[in-house]
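Here come two complexes built around subunit A, the first alongside subunit B, the second alongside subunit C.
Right after this comes the complex of A and B.
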């Protein structure tokens, strides 16, 4: 007889959502987090999209842990001198769901508290060393050479997946499928943020993803900027592979260059850096057959369940849905000793948007991390815009002619452009 | 042979998280997380070291504080303390070090038999160092303050006191009280197993009704200290000036001119 029904490793959105679900169903659950208060070492960009949390906390939107509701979403290309932006704003956000910005240190501690309130035992400030195993079956966790047993372990340990890798449940991630994200939280008055981003009021927010087309040395990076109530989260997501190849480039230089860009700096002016963090981002998910096994299920970032197609960057909502999926799979097969019982987790995830999205956008990383997106598109866009919007006393040309000329100058063959366009349409 | 040890702890705001309000210049403790007073962690460790060497030793940790002091007590139990008692009552509010010592002494009397009482040398949030010695006086037992090491041997308790001019080793007959310095040892980390056990076991909560004291003797009513006034000393603005490396002469001249630096022979 195991000491706990379920041990959940990691109090992030996946782990805490699983623990809340399990504890609410009267399961004997232990939630462990390395940080104290729980979740306070967790890091992410900071927008919780969708309403998955409502499945475990019905009145979650009343929480004061939510910063601003996104009413303005941008997709922005930056070159050294220019900014080309899509700035989509809609009063329809509300009936059509966007997301809330959150500050994870606060938000995750609150989520863990919800798990405790639901009846889970929450142990914080201790790091699990490895999983206890009998053959291929996971039977609990080990810390300080002491075993704590459970019928099922839900691994929601985040992107590094140290335990899963050390326990042989997962292969060490390939650089090509990882990006490193560096982020700063910059403190500014609430009113200043509302004004600078032209927001309706202090409860509404702006979020934009960026292509940082001004980097040299062949390093590709994306950026993000999200408005919180009284701070701005700004960060860069950099290809690990590129960083490794260019050992003269440092992640902190990239975020500095982003912050100092002529059209970003004014947005941050007079702000004070309050928090600095870095985080690994799995850019391509695990194969669905490796997110479960006898006695365990892997959820959230640890299962590679993040999504980015360049237009949006999401992870928390997938984490929550996968955590709940793991909890429900345990509850539905409770009492069964069949090693196959955990297949239900895979099958249930397949039915949700989580794995559907992962499949739909499979290979999108080939586009989001392509030279075309990071170099050619920003350079061409800048040139075309300058051509259209400038007046230097020369006869005006048709748009198509400008595009073709620019493409030729940027050494883009027409055929390649068509291929890339097609790829973008298909994959994003 | 096992000993009965009592450790007195205090929960304090984490000093690294206490911020100074830029307007009023007062300490904002609200923003800080509550932790075990650092020196008390060393007191607990000293008790655990004795327990390691003397099987059968029983450690009870006590604190007088608000209900949320439970966290600090659970933390103590997670390191290997056997029992935790929180003494909490509205009547204790506003206590200075005198009724605090009295309340803890009364609690210890109720607990019963003990060989050693440990306490941290002083707390980071008030730095008086009164409470430990006060408890020893209330109980009428021997005490050793400023200790960097202590141990039990042949029915006696030995303690090394760190003094200005050296280390004094004293030998005491139990029961006795020892206050511990922050450099005494390296407090051990809590383990998952012990954290779970601590949570399952939980802590005991006592109120004024559990100890033999009159309401007038505790809290603000029992406190002889009166705060007459409080003022903030404003930061003095310092003058700053930059010199280049090749301007050393100018730099020295200026220091002499301002009277910061003088040349002379004794």
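Right after this comes the complex of A and C.
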């Protein structure tokens, strides 16, 4: 007889959602986080999109752990001198769902508390050294040579998943599957943020993803800027592959280049940097051969369940849905000793957006990290806009002519452009 | 540009004096052709001093970047223990 029904490793959105679901169904759950308080090593951008959390905390939107509800969503290209932006605002974001900005240390501690309230045992400041195994079967966790047994282990240890790697459940990651993200939280008065971003009120927020097409040395990186109640979360997501090729730009300088851009700096003016952080961002789909095995399931970032197509950057909602899926799969197969019982986990996630999106957007990283998106598109867009929106007293040209001339100048062959367009249409 | 040292000084750490959660193999680093770790690590834990790699675990924010960045097998990465290491206020 195991000491616990389920041990959940990691108190992030995946782990806590799983623990809440399990404890609510009267399962005997242990939730372990290596940070103390739980969640104080967790980092993300971060916007929590959708309302997956409602599946385990029905009144979650009443929580004061949420910063601002996104009413304005941007997609922005930056060149050295210009900003080309889509700034989508809609009162319909009241009816159709967008997301809330959150600050994870506070938010994740609250989630872990919800797990405790539901009846889970929550232990923080304790590091699981490795998994207890009998052959290929996971039978519990080991900490300080002491074994704690469980019928099932849910691994939700995040992007830097040491335990899964050390236990042979996952291969070490590589340049294509991990990007480096650095972030700063910049303090500003609530009123200043509301005014600066033209927001309806202090409960409404702005979120934008950026293509940083101006970085020194041509390193490819994306950016993000999210408004919290009294701070701004700003960060850069850097291609590991590209930074390695470059081998002369420091990851921690890239965010500073972003902050100093002529059209970003005014948004941050008079703000005080309160925190600096860094985190790995799983890219390019699933990072494990299998999200389950005998006695275990892997959820959230640890399985590579994140989404990015350049327009949006999501992870927490995938984490929550996978955590709940793992919990439900345990509950539905309780008592089974079949090594394949958690096939159900994979099959149930295949019916949700989590694994459907992984499949639909397979290979999208080849577009989002392409030369076209990071260099050609911003350069051409700048040139075309300058041509259309400036007045130099010359006879005006048709738009099609402007585009073709710009393409020629940027050494874009018609064939390459068609191939790129086709890829974008198919993969994004 | 805010210096990385100033940004790191904003962070809270509970430093574990008895356990270095990351270790490097200096024999490998001595002949490393790229020292990509020095560019990749967001916390500037890896620096070159007179051409020699210097590593300090105390400033580590535990992101895991160096483990992937080092393609020469020098970095041995483990989790911090007992709630030690970085402790974010915002995350």
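We take it that the second predicted complex is superposed on the first by the 423 of 428 C-alpha atoms of A that agree within 3 Å, B and C clash if a C-alpha of one lies under 4 Å from a C-alpha of the other, contacts with A are read in each partner's own complex, and residues count from 1 in each chain.
The working rule: a residue touches a chain if its C-beta (ideal position, glycine included) is under 8 Å from a C-beta of that chain, and two chains touch if they have at least 3 such contacts.
As the structure is a prediction and not an experimental result, all values here were calculated from the model.
Peer 1: Since both structures carry subunit A, what do subunit B and subunit C do when superposed there: clash or fit?
Peer 2: In the arrangement built by aligning on subunit A, the partners subunit C and subunit B fit side by side.
Peer 1: With both complexes superposed on chain A, which partner does A:231 reach: first (subunit B), second (subunit C), both or neither?
Peer 2: A:231: touches subunit C, not subunit B.
Peer 1: Using C-alpha centres in the superposed arrangement, which angle lies between subunit B and subunit C as seen from subunit A, in steps of 10 degrees?
Peer 2: 50
Peer 1: If we overlay the two complexes on their shared chain A, which of subunit B and subunit C does A:261 touch? Say first, second, both or neither.
Peer 2: Touch partners of A:261: none, neither subunit B nor subunit C.
Peer 1: On subunit A, which partner touches more residues: subunit B or subunit C?
Peer 2: C
Peer 1: Quick one: classify A:73 as touching subunit B (first), subunit C (second), both or neither.
Peer 2: neither
Peer 1: Using the touch definition from the top, say if A:126 reaches subunit B (first), subunit C (second), both or neither.
Peer 2: In the superposition, A:126 contacts both subunit B and subunit C.
Peer 1: Using the touch definition from the top, say if A:32 reaches subunit B (first), subunit C (second), both or neither.
Peer 2: Only subunit B; A:32 stays clear of subunit C.
Peer 1: In the superposed arrangement, does A:184 touch subunit B (first), subunit C (second), both or neither?
Peer 2: After superposition on chain A, A:184 lies in contact with subunit C alone.
Peer 1: What does the superposition give for the shortest Cα distance from subunit B to subunit C, in Å?
Peer 2: 5
Peer 1: On subunit A, which stretch or stretches are contacted by subunit B in one complex as well as by subunit C in the other?
Peer 2: Shared contact residues on subunit A: 125-126.
Peer 1: Going by the contact rule at the top, pick out the subunit A residues touching subunit C in the complex.
Peer 2: Spelled out, the residues of subunit A in touch with subunit C are 34-36, 39-44, 103-108, 124-127, 159-160, 162-163, 172-175, 178, 180, 182, 184-185, 231, 233, 240, 243-244, 246-253, 256, 260, 273-280.
Peer 1: Subunit A touches which residues of subunit C in the complex?
Peer 2: Residue list for subunit C touching subunit A: 1-2, 4, 7-8, 10-11, 34, 36, 38-44, 61-65, 67-69, 77-83, 85-91.
Peer 1: Spell out the part of subunit A that touches subunit B in their complex, as residue ranges.
Peer 2: It is residues 3, 30, 32, 37, 121, 123, 125-126, 128, 141, 143-144, 146, 148 of subunit A that touch subunit B.
Peer 1: Hey, which residues of subunit B end up touching subunit A in the complex?
Peer 2: Listed in rising order, the residues are 33, 189-193, 195-196, 199.
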